[in-house]
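Supplied in structure tokens, the structure appears directly below.
Letters A, B, C and D mark the chains as written, and numbering starts fresh at 1 in each.
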Amino acid sequence: MILETLRTEVLEANLELARRGLVVDTFGNASGISRQENLVAIKPSGVPYDTLRPEDIVVTNLEGKVIEGKLRPSSDLPTHIALYKAFNAIGGVAHTHSCSATAWAQALKEIPCFGTTHADYFRGAVPVTDFLKQEEIENDYEWNTGQAIVRRFAGLDPLSMPAVLVAGHAPFCWGSSAAEAAHFAWMLEEVAQMAMATLAINPQAQPLTDVLRDKHFLRKHGASAHYGQK
Amino acid sequence: MILETLRTEVLEANLELARRGLVVDTFGNASGISRQENLVAIKPSGVPYDTLRPEDIVVTNLEGKVIEGKLRPSSDLPTHIALYKAFNAIGGVAHTHSCSATAWAQALKEIPCFGTTHADYFRGAVPVTDFLKQEEIENDYEWNTGQAIVRRFAGLDPLSMPAVLVAGHAPFCWGSSAAEAAHFAWMLEEVAQMAMATLAINPQAQPLTDVLRDKHFLRKHGASAHYGQK
Amino acid sequence: MILETLRTEVLEANLELARRGLVVDTFGNASGISRQENLVAIKPSGVPYDTLRPEDIVVTNLEGKVIEGKLRPSSDLPTHIALYKAFNAIGGVAHTHSCSATAWAQALKEIPCFGTTHADYFRGAVPVTDFLKQEEIENDYEWNTGQAIVRRFAGLDPLSMPAVLVAGHAPFCWGSSAAEAAHFAWMLEEVAQMAMATLAINPQAQPLTDVLRDKHFLRKHGASAHYGQK
Amino acid sequence: MILETLRTEVLEANLELARRGLVVDTFGNASGISRQENLVAIKPSGVPYDTLRPEDIVVTNLEGKVIEGKLRPSSDLPTHIALYKAFNAIGGVAHTHSCSATAWAQALKEIPCFGTTHADYFRGAVPVTDFLKQEEIENDYEWNTGQAIVRRFAGLDPLSMPAVLVAGHAPFCWGSSAAEAAHFAWMLEEVAQMAMATLAINPQAQPLTDVLRDKHFLRKHGASAHYGQK
């Protein structure tokens, strides 16, 4: 079995999505990439989380061809691949249908950076993609979904904003590994829920100033990070 | 004991409703039909879920007469029978009082198809029945509830829309089996909750276009389905 | 130990309140009455639920004097006694600070009978008391709380409406036994949550007609009840 | 190991924050102070709750210098110290990012005292600090956060109001011990959630009168307290 460590990490990231209650039914998937070998490990399509084993994780190349594994890969694989191709610094992708983040995606509203919990992970409002055109839906839908994300990130740094809301669909997150992507998917759901509650209390709520937002973001990310035991 | 397999499936579907938190108290029931023998297996009335055994499941004919079983069938049996008679393609029915779906039924509002999670299961807005007339409430109430659903589905395909909200009451769902009906009842609650959250974020939220909606629905249903391991 | 059966029932009802998540901290209590002996068994004051034993349940007479038990009774005892004295048909009382029902009490709004889940337990809108006057707060506060409930129920049948919202405080429920009172406290929280969600979806939502409401209420209560296995 | 009892109490308070679901990820921390030795025991920075042991708790002096412990203290330590220096009567501090309380902090709205659950713990509306100025964010941010709290409490009694919302951030609570601070953090989340629900039901909801508020607050706190078994 090739890429055994990566498979195990990807399996664990998928289980984390399920444990955190971020996936509805079988809708959610995490993947990881070996940049050295240009191979992606991803959850198989439509398999319940509680029966997943390392050997069920499907390994494909960057054209989406299965290299090892008996099952079909997640139907969202082309979206993951589009992100790996466009965002060179990332090592993992996680997709969920978590309730609050999905509601923002359905509402076609960016999640404003209302507080420091948000700023600790996402440097600004979490963006929403445009809807796909009819021909993009009808052909290569999942690949085009990835392209819509990539277009939306023109001028944005994917490491400073490791999440996006696909219009009318749900969030995708990414990070240095499958584990980090899954972790950001959880944090996104938390801040999405807090942001809904914030608006319910005060419909005129305002985002943080850039100074306070960056104080928190840069405390945990980048060259001057000093949070935790590092 | 006749229909032992069907009883076990129906028992399991009822337990699934309870495990998913879809039933309030003893309010919820799933049934299955043997089309070959025209017999229905259904939860007994008012029995707590945690003590249900296969032999407690009641078997009736399509006139609602108990064929086997010592307990009284769910008082909603006539509604289930009305659906089995009108919708030939279905094999199971599930009824819950799950919080968010029931709220939409109480609000007399269809659940709009705000996103792809919804579209993966329900091809459009989940409809609401009309209220029953006074004489329909006073006589054969549960049968008439079924008739109100059937009337609402004039021109609708019950396999493309396997759920309905009974006005002022709660949802009914159906599928190829009791298990699928229970599964749709769970998915309905998820999309009902997401739709509430969507409106809270953006009261002007719009449903998906038909093209995107059908892309998702037809990916999982019908002749060209290609989701999962099939 | 006198009234051992009643103590055990009261203990179990208190544990049920905790298991259903209806109490905040130690704020909640259930009691039961022996009408034959005019003795009340109630939770001790401020004792955590997870350490409660039958011998901790305090037995008092209808003047609130402790007859057996080493602990002080719940500070809400006088409210319970006021209800036992005014409502002869009841055998148990339960008080919680469950989130949704308490929110309606804080909002000073009756819970409208928006659906059949509500109507299965409560025949109409769940009423709210008036606020107490300053002198009623300063002296015999808990007894006066009971009197405010009793005044609010002038002309109402406590068996058809086994719950009330004390203004700015929280709900009290009652029933034929401590177990039934605790069960109604759970059902009240469920319908309070559904009613909040109903208003969020449709601020103009209307209560059920009396005909549909009574169809459901009388199916489970009164002379012509025919729900369950009875 | 010095201050073993205090460390154990602080560990337990941190675990209680996690058990009650009040912390997001590793964002939350409780500390306790030995007034005799002027030493603070606090959670280490960024360590997951489920692996915390007493020896991981960091002991510092009131200048923030680590006296014992191999890990770095929580980055919020200077805020805790500012509170210990300004509020002489307190023995513990707890900081969480619990969802509802954080939403009020993000909305820049005080939590009104809508009911007796609130009044049992907090004598009036839970206040919100001002935002820090840019220079206060850029230098000694965590210490200045504490100073913003202290400024907001000019004229307020920290024992009557053992909680604050830091603008755009999250709540801090305090009490006679780390355990009590953690307990108040839990109660704050409960009343924050109830207050949100109250406003959702009735946007014109009014706070309790001072008489009713103080009846409840003084029943549990101060010289004439008579709640529980004391």
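The criterion applied here is as follows: a contact is a pair of C-beta atoms (placed from the backbone, for glycine too) under 8 Å apart; a residue touches a chain by one contact, two chains touch by 3 or more.
It should be emphasised that the depicted structure is a prediction, and the values quoted were computed from it without experimental measurement.
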Same or different contact residues where chain C meets its copy chain B, judged by the half mark: different
Computed distance of Cα centres, chain D from chain A, in Å: 33
Gap in Å, rounded to a whole number, between the CA centres of chain C and chain A: 46
Chain D residues counted as touching two or more neighbouring chains: 199-200
All touching chain pairs, where touch follows the definition stated at the start: A-B, A-D, B-C, C-D
Sites on chain A touched by chain D in the complex: 114-117, 120, 183, 186-187, 190, 193-195, 197-202, 205, 208-209, 211-212, 215, 219, 226-229
List of chain D residues in touch with chain A within their complex: 24-27, 44-47, 71-72, 75, 97, 99-100, 102-109, 131-132, 134, 137-138, 141, 168-170, 196, 199-200
